[in-house]
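Labels run A, B, C and D following the written order; every chain starts at residue 1.
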Amino acid sequence: MAPRRLQVAVAGLGRMGKRHATNVLSRTPRAQLVAVFTPDEGEMSWAQQNLAQWGVKLYTDYDEMLKHAGLDAVVVATVTTVHAEQTIKAITADKHVLCEKPLSTSVEISQSVFDAAKAKPHLKVMCGFSRRFDASYRDAWERTDSGGIGRPSVFRSQTCDKLDPTGFFVQYSAFSGGIFVDCNIHDIDLALWFLGEDSVVKSVMAVGITAVQPELQKHKDVDNGVGVVEFYGGKIAYFYSSRMMASGQHDMTEIIGTEGKLTVNANPRDSLVDMWEPNGVRHEIPPHYYGRFEYAFVTEMNEFTDCCLNGTKLPFKLKGAVKAVKIGCALQESLITGTKIHFDETGRRIEQPKL
Amino acid sequence: MAPRRLQVAVAGLGRMGKRHATNVLSRTPRAQLVAVFTPDEGEMSWAQQNLAQWGVKLYTDYDEMLKHAGLDAVVVATVTTVHAEQTIKAITADKHVLCEKPLSTSVEISQSVFDAAKAKPHLKVMCGFSRRFDASYRDAWERTDSGGIGRPSVFRSQTCDKLDPTGFFVQYSAFSGGIFVDCNIHDIDLALWFLGEDSVVKSVMAVGITAVQPELQKHKDVDNGVGVVEFYGGKIAYFYSSRMMASGQHDMTEIIGTEGKLTVNANPRDSLVDMWEPNGVRHEIPPHYYGRFEYAFVTEMNEFTDCCLNGTKLPFKLKGAVKAVKIGCALQESLITGTKIHFDETGRRIEQPKL
Amino acid sequence: MAPRRLQVAVAGLGRMGKRHATNVLSRTPRAQLVAVFTPDEGEMSWAQQNLAQWGVKLYTDYDEMLKHAGLDAVVVATVTTVHAEQTIKAITADKHVLCEKPLSTSVEISQSVFDAAKAKPHLKVMCGFSRRFDASYRDAWERTDSGGIGRPSVFRSQTCDKLDPTGFFVQYSAFSGGIFVDCNIHDIDLALWFLGEDSVVKSVMAVGITAVQPELQKHKDVDNGVGVVEFYGGKIAYFYSSRMMASGQHDMTEIIGTEGKLTVNANPRDSLVDMWEPNGVRHEIPPHYYGRFEYAFVTEMNEFTDCCLNGTKLPFKLKGAVKAVKIGCALQESLITGTKIHFDETGRRIEQPKL
Amino acid sequence: MAPRRLQVAVAGLGRMGKRHATNVLSRTPRAQLVAVFTPDEGEMSWAQQNLAQWGVKLYTDYDEMLKHAGLDAVVVATVTTVHAEQTIKAITADKHVLCEKPLSTSVEISQSVFDAAKAKPHLKVMCGFSRRFDASYRDAWERTDSGGIGRPSVFRSQTCDKLDPTGFFVQYSAFSGGIFVDCNIHDIDLALWFLGEDSVVKSVMAVGITAVQPELQKHKDVDNGVGVVEFYGGKIAYFYSSRMMASGQHDMTEIIGTEGKLTVNANPRDSLVDMWEPNGVRHEIPPHYYGRFEYAFVTEMNEFTDCCLNGTKLPFKLKGAVKAVKIGCALQESLITGTKIHFDETGRRIEQPKL
């Protein structure tokens, strides 16, 4: 007899929700997609055509979905503004949760998710930092962890989206938490991973411009941002995010140690084809985030499922997700106020730099 | 109710058989692995541990397996010497077949598979030219097909295996058909794809050496081979195969047209990590064929399944598999005899070159 | 009869001085090396062996050298601390001057060089921003200038030296002006070139660490620095400098515009050789600055010579050299004080950020 | 007093002649350009404008030029058809000679040059295999020679010209000796260098097509050729040449040994700039041979000069130039006759392959 599979529901069927649902359905052998929730008609219609035939129950009410008989785990892939609320509800209903990043754009609310999870240590509650599951980042991590570059000291990472001339990003910005929370949250999480989860922030400073979408200013957001985070103990992370890449998505990372350096995806490409044309040699790069990280999402779902079924430890802690939001919000604040923000070794804000 | 899934059996659980079985089991949503066959104890033991719990029936007799109730399709992944026999048996039993390449190392036997398939046009019989399903080759093909490089004229392709010092290749060579049939069969198939399936061979010539494994000479084989195939109509394909790559697997292709050139995998890499070390900048490359083509195999199984279920056309014809073996065997003969072999426009051998 | 050649003297025969002398001697057809000055015995000995036979007069007194009959131009390649003084003396003596960067580590002294030059408009006085003569930077500049990337908006540039475990950089740091003035001065100059010479600085912020050479702290310097410069009008430049690159020198630049991006030397290499070895594919990178910019220095000397002989305009203005020092010094100050420094549109310092 | 400089004349001021003359004039410190010869009015006009002012004597008669007082050495850069005659005349007049490749398109005439040189061992007579002076090829050679790739066994090399739609190559082909003699002569010379100058040819085979310039057929030439040379002792070299590269010049080489592989210029580029554009990431490649090998020619002239002045050994032997022509001519013959050509261990032709 086939082993029991994790009974999973997916909440939200937007761009990422559809992908998560499909991944649970057909690329996660130990999981079974049993339910989905969406308040959106278009999304529901997609579910009727693509999921219903596989015995997936469709819900328009999140609370009802949580009561689905036998449900083990919930993937929260709704809009950021309800991530925290739905995650906490699922925890309360005794479900494992994989919540899309960020937990919230608010530090306090993110903390409340952490507190809820802490109260139920038998549940697996994970923030969807998909890059943690990417084979290349893991390869880089193993090399770093085994001393391959000496002591990691300077960390550079960027998340750059392809220019979307439709104005999507302007609307999106109203709720995204701003570019440092929305885009660079991944880079911040990676910085904590590679420089040490317990790294203590000494200062943050960010600047930004609206080069192509001045309308972003009404949401106090930018389309290009540069942020610098200084940690106690002689470590620096700096970030770049952009909404105007001409060629496509370019997310990359550089980890500089005292004895060597690693880069991850310094030279992006969409396929292995090079085109030798009259005006030179050319290759394409992925247009979207999913083109780069598709298999990381598949791995994420499979490992989350394994941890839930086996009762083993998740590959990283939820605490880091709160910390990443905290840093992202501080960068966003620095961007808006034009000031550098300082912290002491205990994490408290101070007025003057600590020399 | 969930749609009916294709009931699939896998014959042979060696390196590729295990992968095919796993892909049917958990990466091909529309297929169901219902049976496997292997005469090998070690492989059977693997099946007991990995497949039995999912309700897969294990057979030690191929003919019995063919009688499995409800079976729709067979994947033939046994040793090359029985590919043809098992494929014909499956056809006779009215099953769809995906047969690993080559159909046979003999042109006549390959032809007999083709004849058997031709007699049952309702069945899908496909030779596993996995590269045909690779996203990068498909990208290159679309660019070529849409005129992106003008008229494809010169084709270069190589299959290079990582050096295996265990002597595996020597034993393997006894039955592999030789390096041009075993390795370059993929490149030959690609040449026919890109230069035209109906291209008529004008001449073939091959040379080779045993640089690291002189024992190959007892099987009239080599560890490095260069072959040139001239086609009527002004087209050339040339091939390189090697069993002694230091860094890992390197399969690549170059399609040169009158207005441009495409390369596929000219610069192989295993992950997106670059290592900046005291002696330079380094990256690793996949050690094995599967590291390069893993997802092509997954696509292959899914598309084969779709064609069987939907009754649609396979993406390429079985006839080409016979032709590829024919060219591979001619190259192998040229290697052994030291001569160039000439053909007329009808495919008949001639003594003198056609000028 | 051969045309008259520019009569050139080189002051200082350290690492760069030797190269300049050699370049004037044998790679600058329209120039003639007539004199050199060095107060150093080792350098003088080198000159006796390598220059004397070509009729070059050797001086141990700079002022004497300036009186050399027929002398047209002086290349100042001595230590940074005397750049300004020697340049001003040469100007006073009515000589053209090519002065190595920076003019001085002091803004005021740099300004005094500019003032001296301004008083003698018939003289060509140039700061040796060698990258301005590099073919790749020029190619990038032409593409930028012709609108190839839209409006250049974000500029990233780095100067990274190979780790030198001898402690050279610690001693050197006593007089270098600090890492932002010494290393990033090139990147700052490039930023002004690509973002506009008249760009007005809005803020500067820098952080740094001593990852491998803690002794640098006694000179208030670091071995890894990150600096961010914000300009009025929606432009950002950010810089990285390091003294601990494992693989070799890596100076690179990225110019991000509203419609595209250019990178210069993103993937450095020393030769065109790739090594395919058991642990991957490797290439080496130049160990030193000169390995990357050798031909830029040759072009620099030839173009400087042409401008002097033809009375044509130098390719860039001396004013920018003062501005670059000003920005470098502000970054260095920000590094030391831990604060962000703000300026108003007229260039005056202000206490609060301008929002 | 300045040391005596080698008094050099350049014969022929076509594309390469102009470059050689300029290199002697201004990039070869120990040489002095004293005379040039050209029978062509346009070239003479160029010389009057560019060389006369530097005291260079201009000749329209080669024999007269040879009598120029004090002349030490001649660079023969005229059309291939007179290379041998002029070189022999110069040798007879007791001059050192640097003769552009090939010595001749005829094996016998090439041999006569060798014989003439052999009779005057005090003279330096060199064939201009410019790639021998290229820093990257030298780097590859040192790595090969020091055992870095084990025993070099398979050699692949190509010379690919940018498509020239003017029909230049058709006219040129009348005297070039054909694509294997004209283009691949460099690759053949490299093969002998890397596989061993004393390697004995076992067989040669070539095929070719006229993909873009069918008019080449009247000169029995092709615009794309593939050639394979088998050597006794288990070594293979294979070559590709093309006149229809869309992107520019691409000359590259791959040396495959029993323990590793080296590539030289596998990924050509013209500058260090990458362009990130809406349709991908692009870089340009050099349009012409000189763009790739400019500095090799400068090194060639300097080293030739040093050998003449110092009486030291040239970096490679003239004998190899005869051998390269011999192999090139055999490939060309194989192309034309459609046959594979066999040799015994003494270099004599045989009818049947030696097994």
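Assume a residue touches a chain if its C-beta (ideal position, glycine included) is under 8 Å from a C-beta of that chain, and two chains touch if they have at least 3 such contacts.
The chain lineup, named per UniProt: A, B, C, D = NAD-binding Rossmann fold oxidoreductase family protein.
Since the model is a prediction, treat every value here as computed from it, not as a measurement.
S.K.: Name whichever of B-C and C-D has more C-beta pairs touching across its two chains.
M.R.: C-D
S.K.: Of the other chains, whose C-alpha centre is the longest way from the centre of subunit A?
M.R.: Farthest from subunit A by mean C-alpha position: D.
S.K.: For subunit C and subunit D, what's the span in angstrom between their mean Cα positions?
M.R.: Those two chain centres are 39 Å apart.
S.K.: Determine the centre-to-centre distance between subunit B and subunit C, using the mean Cα coordinates as centres, and give it in whole Å.
M.R.: Averaging C-alpha atoms per chain gives centres 57 Å apart.
S.K.: Scan subunit D for residues touching two or more other chains and write them down.
M.R.: 245-247, 259-261, 266-267, 275-278
S.K.: Which residues, counting only subunit A, touch subunit C once they are in their complex?
M.R.: 149, 151, 153-154, 156, 203, 205, 207-212, 224, 226, 228, 230, 234-236, 238, 240, 242, 244-247, 256, 258-261, 266-267, 337-340, 342, 352-355
S.K.: Sort out for me which residues of subunit D touch subunit A in the complex.
M.R.: On the subunit D side, the touching residues are 245-248, 267-269, 275-285.
S.K.: What residues of subunit C sit close enough to touch subunit D in their complex?
M.R.: Listed in rising order, the residues are 1-3, 25-27, 29, 53-55, 135-136, 139-140, 143, 148, 259-266, 271-278.
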